[in-house]
Every structure is written in C-alpha cells, then in structure tokens.
Amino acid sequence: MSCSSLKELCLLANKTIIDNGLAKFQFGNVSLRNDHEVIIKPTGIDLDTCDFEDMSVVDVRTAQHSSGRAPSTDTLTHIEIYKKYKEIQSVVHTHSPYATAWAQASKPIPCLGTTHADYWEGEVPVTRELTESEINGEYELATGKVIVEMLLKLGLEPCECPGILVAHHGPFTWGQTVEEAVKNAELLEYIAKLACLSLQLNPITTAIPVALHHRHFSRKHGTNAYYGQENS
Amino acid sequence: MSCSSLKELCLLANKTIIDNGLAKFQFGNVSLRNDHEVIIKPTGIDLDTCDFEDMSVVDVRTAQHSSGRAPSTDTLTHIEIYKKYKEIQSVVHTHSPYATAWAQASKPIPCLGTTHADYWEGEVPVTRELTESEINGEYELATGKVIVEMLLKLGLEPCECPGILVAHHGPFTWGQTVEEAVKNAELLEYIAKLACLSLQLNPITTAIPVALHHRHFSRKHGTNAYYGQENS
Amino acid sequence: MSCSSLKELCLLANKTIIDNGLAKFQFGNVSLRNDHEVIIKPTGIDLDTCDFEDMSVVDVRTAQHSSGRAPSTDTLTHIEIYKKYKEIQSVVHTHSPYATAWAQASKPIPCLGTTHADYWEGEVPVTRELTESEINGEYELATGKVIVEMLLKLGLEPCECPGILVAHHGPFTWGQTVEEAVKNAELLEYIAKLACLSLQLNPITTAIPVALHHRHFSRKHGTNAYYGQENS
Amino acid sequence: MSCSSLKELCLLANKTIIDNGLAKFQFGNVSLRNDHEVIIKPTGIDLDTCDFEDMSVVDVRTAQHSSGRAPSTDTLTHIEIYKKYKEIQSVVHTHSPYATAWAQASKPIPCLGTTHADYWEGEVPVTRELTESEINGEYELATGKVIVEMLLKLGLEPCECPGILVAHHGPFTWGQTVEEAVKNAELLEYIAKLACLSLQLNPITTAIPVALHHRHFSRKHGTNAYYGQENS
C-alpha cells in the first residue's frame, strides 16, 4: 500500500476510535507499521480539521520524524512494541471507560466468560507500575518496555494476548492489521464491561474452567480452529 | 413462507440484534425453523456485506448442511432446542451486556418486579456448568442439552420460560416467531439490567410475592389473560 | 382543546416516553384528563402503526369505555389518581431503568442533591406493598389507592410530590399538563440515577440539609419563587 | 468580538452542554466574560425557541442586568468567580451524572489515572457545605464564595484546577475561552466516571504516584510541556 493510503487509513482509524466511544478529545492514538516506518496520529491535533497528510511518519529504528506534523507523545511506546514483535502491524491506545477503569484499579481482567475466552488466551494482564526513575526519564519508552516485559514474563505471543492494560493509564491493543487492532480495542472494552458487571453481581466470581477457556480460544485460533468460513 | 423469504428474515433478525446493542461484531446468532430445516447465520460472517442467500440451511434431524455458507458454530445448540420443543420456531443467542454478566456470574435472575413477572413465570434460570468431557466432546450439542435439561428439571414449558442463561457464556431466548424470540432477547437484557440495579440499591432485595408474580404473568398468559386487544 | 387534538397529544406523549428511553415495547402508559373523560393508551398496542383515533376514552366517574380501542390494563390506576386530585390533568407510568430499580428495591429515593430538591419537596416515596387480597382482587384499582394513600399519609399535595414509586413495579408521575407529567417522569429517572451513583460512591451519604432542600424547592415553587422568567 | 457574537456564542455553548449530555431541561448554565460584562443564559428558558438576543448581560462589578431576558438564578455564583480571577473568561455549570454524583456524595475525586492527571494538578476538590445562614441569605453569592475559598485554601490557580464540585449540588468548570470551559466540563464528567468505575473494581484504589501525576500534568502545562503541536 502507498504511504498516502496508509496515512488515510491512519486518519480514519484514529477517527474510528473516537466515533466508537473508545476515546474523547485528543485522547488515544492509532499507528500502523509500514516496513521501517510508523504512521501515527500527530500530538494534540483536531482530527476533524486535519488532513491525512498531517499524519506523522517516524522511523522505527531511529524514532526520527520524517514527515507530517509532530508525532504523538506516545510514539516511543508504539515503537517499542513494533521493535519487539515483527508480526504486529498496528497498535491502538485508547481511554475507553471500562478498560481504563481496570487499568486505574491496577487489576488484570479475569476471564469470566466465553466472550473473553474467544480472544485472550488468559486474563488481560496489567503491567507493573513504572519506577520513579522510569517516570522521570524516558517515560513513554519505559511504558513500551513494561508492556513487552509483561508479555515475555507471561510467555505469551501477541496473538495470544492482543492487548494489555498499562497500570494507572489505560489499554493498548495490537493486530496484524489496523482493522484487527481497532477491533481488539473494542473487544477489550466490551470484555472489561462484562467482567465489571459480573463481579458486581457476584464478587466471588472466578475464572471459567481451563477446559472451557481453551475450547473457546481454540475454536478461533490455531490448527484446530473451526469458527469462520475459512476454517469450516 | 418461501425459503428465500425466511432467509431474508434470518438476515434481518441477525442485523437487528446488532443494531439493538444485544451483540457486537460476529457475536450472537438468530435461527428460524421451517419444518425440518433450520435457517441460521453463517459462522464468522460480516452481516453488512453478505446476502440473504448466504444464510445457512441445516436439517434439524441430521444436522446436514444443505445450502448457504458454513453454518454458525452454535448450530447444534439451536437444533437441540428445536428437536425437543416443536412449538419453538426461532432461537436467539446474544452477548448482551447485563444478561451475559448474569450468565458469567452463574446466577439465575430473581424476579424483583412486575417487568420480569410479565414474561417469565419464575426466575430466569442458569444452566449447570458443563463437565470437562462435555466441553472437550460435542461442546455445542452439550450446550443445547443442558438448556433442555434445565427446563425439564424446572418443569417449565418454553412459553413459561422464554429464555435462559448458559453458565459462563450468555443468554438464549426463543419464541413462536422470530419477532417474539428477538423481543424476548431484548426483554431479558432489560430485566437483567433492572435486577442488577435493584440489587445494587438494596442487596437484600428478594423476589416479589408469588401472588403478584402470578397476577402479572396471568394478565398476559393463559385463559384469563386480559392484556392486549385480543384479550380485552 | 378538541377530543381529536387530545387524542393526538396522547399518542404523541406515549411515543415520547419510548423515544426518551423511559419505556420499551408496550410498557408504560400516558393519559390525559379532559373534564370527565380520560384519554389513555390502548392495551398492548403497537404505537408505530396505530392512529390517534385508536386512543381509548374512558369516563372518570364510571370507568366506562366510550371510544377508541380497549384501554390500558392500568386504566383504573390512572382514574383513581384523577378522582382524588382535580388539579392533575395527566398521569404517566413508565418502566425507566433507575426509577424502576428503586421501586423494585422498595426504597424511597432520599434527596441527595439540589437536582432533586428543585422538584420534590421531600424524598420520592415508595408505596406500601399490596396485600394478597388487593393483588387478587381489583389489582389496578388497588394500585391507584396505595398511591393516593401514601400522598395523604405524607400530607403532600401532588405539586409537592410530582411522582411516586409503586413497590415492586415502577414509577408514576403527574402534572397539570401532559408536558409537565412527561417531564416529571424524565426528572424522576435522572434523580434516581444520580442517587444510585451517589450511594455507590459513598454508601453513607445522607439527605441534604433541610434549609438547602427548602431553598431550592422554593426557588421554583410558591410565592417567593424567583426561578424562571415569570418569577424574576 | 462584538456583543452580538458573544451572545451567539453563549447560546451555542448552552445548547452544547445539553447536546453532550451534561445537562437536561433547564439545568446548567454557561457564561462568558466580556470586559466588565458577563453574558449568561437567562433563567428557566427554553433554548430551542429562544434567540441569541435573549441572552442576559450583567455587569460584573454591580450585578446590574442591562440587556436580554432575566439572568440565570446562578448569576452571582459566576460573577464571584470572575471577580476573583481575571484570567477566567468563561464559567460552566452542569448537572452531568457522574460529576454530580461525586458532588452529592461530597467527596473529592482522587486522581486515579493519567486521564485525570493530564488536566487537574491534584484531586478535583469539593467545597465545604454552606452554613444555614449562607443558604438562607445570598445563597448563590455564597456558592461563588465557597468555590473561591476552596481554591485559595488549596493554593491553586484556576489553570491548575479547571473545575470544582459544589457539595450537594454539582460541578463548575472554567477556562480562558468558552470552548475550554465547556471541554473542562466534559473532561470532568469523564474523569468522574472513570474514578467511579475504578473504585467499584477496587475499593482500595489510591491516588497515582506523585511523580506520574506530575509527569502527565507537565506534559501539557508549563514551560516543559511537550504535548501538542505548539510545544513539540
């Protein structure tokens, strides 16, 4: 795809997370990877009045800004994820209410039902807190590092855990396409809401049986998947 | 009604549960019975781009797929319900937030008010958990079986209990028409929300008096019904 | 106003409570008084396909149905309120989520803020439970009676208490015009939601000081009112 | 800007808080300062049928009403804020659900995440209760005074604390433009909702680390700000 088309896609996806209620105002940002480049939302911009040419282009290897307006302050977080995982082609950060509330509460989202099990192979993890020196240093880079650190610690591939909660902050999701990354942000918000309501109804609700979790996840993922037209 | 019209109706009803906020993405499925055939949503399909001809047709007796695209992975659940209850002409499965939260919390919805009593003769039941061998075996068939098992255990006819919660999963509703089955899915979500809020306000709220429950249910059902133009 | 105009108004108001999310499906009903007649929504009717001529006309004194389709099953509840209070010209019954949840929880809504104090002179009361013989007898009439009974017990005029919760059932509001009665139904839902959230945040929140309650109520009501163009 | 334009802006902003769900009916009011004048919503007016010429103009120094219809009953509250803080050019009062619930619960909103830290340098404060003599005296003036009193007590400039909760009542926000003041009202509602949900998920959630709070606030404010095109 041409760089222009990718910038159009980037603008559109950033508008989508606003339209779908996952972010408000200038909150949130979507990026796409194009080989060694990342196309990302500019910092503090009004999406309604900007043009796709305004989208920022940054080099994944050097974090050098090459075209468009000044990039999102969260750019280094995105880059850190892209550097580690070649298969990730898009990263989405939102402030969607329920997922952000779980992040603020610093609690991982337990898998309480099949809706969750269809997409996350385990709970939705929450990163560790940043240290004071990380916060005062390269803060956004450190945010990317704790995301990667948590995935490694859990031994999970990005496709097994398509999103995470950054403690005190909010959700980040990813995918092999921007469509998938945005969809994962929506799914995460939905799962976060369901889990919140379930625990309200029954505070001692525990994670679903492992067998049920595995059955649902593997209906949609892996060699035995049978969900969807291509698998049936 | 012709098979084409039924397929159109099936597509429309599947879109309705999305439009009414009862399901998102590819979640949820609506089916209709036509004699020995079930028309059901295909698995993992995008409703916005598909045609009514894509709707799957499956034989109730053999589960054989005869036309349209590959059927929903939940097809055997629907079939099991149709096989047991001749009067059911449509089955609806959604992931609506409040009803799913009750299912995830594995709690039946107690009847806390007349809105509930108008449509369910008792509480909204929740199925037992599936065993590990049921999960690892014919999972979707087993889901249908525990639904029927619970109705039999409670001694209820489908019209007395137009929907149920599958533990850890979500709601299934039914009706003598697709319109009724979809409406029951909406009613169940509304009842689930009211009950959730009521218990938040007063955690020791108990079921309404039996006399009041019976009065409301029988205003709308049975030989003494006097609600609606046909009964008045 | 002509009877035709009143029927149009009745149909419109019944549609409004659906459009504003205060009721769903065939739930809820709005009536207007016109001298000795009450115009009310017919029972179990689809508002989208009916005509204003379908609206039911019933005599307040005899409950005799004189024109339009068969009246709402809740008609006797409305009539009982009209009979007692000459100043009430419209009654609205909804199943709006938060107000219904308070009714289901059988708890009066305490006055926790000025939004409430602007419209209700005290808490929003909840009726006593109906007895088994009231439920099994003239149920809808008895519902009207317990509403009036509670207002008398509290020594409140309808304008001081423009709505009430019927235990296990839902809210009824009223006004000197249908516009006011519908607005009171919306206000009650808003107040019910605010109180629910306030108690979630602080379960020991108590009613606001009497002086503050009185100040706000009397900004809008009585001889010293100074809110609104006519009072300033 | 001409006085006509300011009146148009005032009408538009008052409509915006209704359209964005921050207020209902005649609740809420937005004002703008123009040198020694304040343009404010008239009391108890229907915004849909009024004209921008109806907007009230009041002298900040004398509270004298010079043109338009009778001003909001809350006018003296606005004026008190304008008198104290020359930099404030617009004040917004809403009854938005979550912010009002915090005000009704008389609890300051703790900073539980970066969404909050981006805009408020500390918690969102709640004023002290008014005394009985303040309530019975110049009530609206006293409301303005307790707002200013709380800012002074906390040693905060308006830009460090762009909004406050008035106990038992609701939120007031401000800004250097009407657009900013309205945005702060929306942000406050969003923050209030996030905090409410976070505490539901984890009642012992505490404020985020000071370093993180400071980092986020100073990304957007002060000489080291690097968020937004002008700072990058």
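By written order: A, B, C and D. Residues from 1 in each chain.
Just so it is clear, a contact is a pair of C-beta atoms (placed from the backbone, for glycine too) under 8 Å apart; a residue touches a chain by one contact, two chains touch by 3 or more.
Small disclaimer: the values here were computed from a predicted structure and weren't measured.
Between chain A and chain C, the least number of touching-chain steps is 2.
Of all chains, the one whose mean C-alpha position sits at the greatest distance from that of chain A is C.
Two copies of one chain, chain A and chain B, form a contact in which under half of the residue numbers belong to both partners. Measuring from the averaged C-alpha position of chain B to that of chain D gives a distance of 46 Å.
Separating the CA-averaged centres of chain A and chain D is a span of 33 Å. Within chain D, the positions touching two or more other chains are listed as 199-200.
Every pair of chains in contact is given here: A-B, A-D, B-C, C-D. On the chain A side of its complex with chain D, the touching residues are 24-27, 42-45, 69-70, 73, 95, 97-98, 100-107, 129-130, 132, 135-136, 139, 168-170, 196, 199-200.
Listed in rising order, the residues of chain A touching chain B in the complex are 112-115, 183, 186-187, 190, 193-195, 197-202, 205, 208-209, 211-212, 215, 219, 226-229, 231-232.
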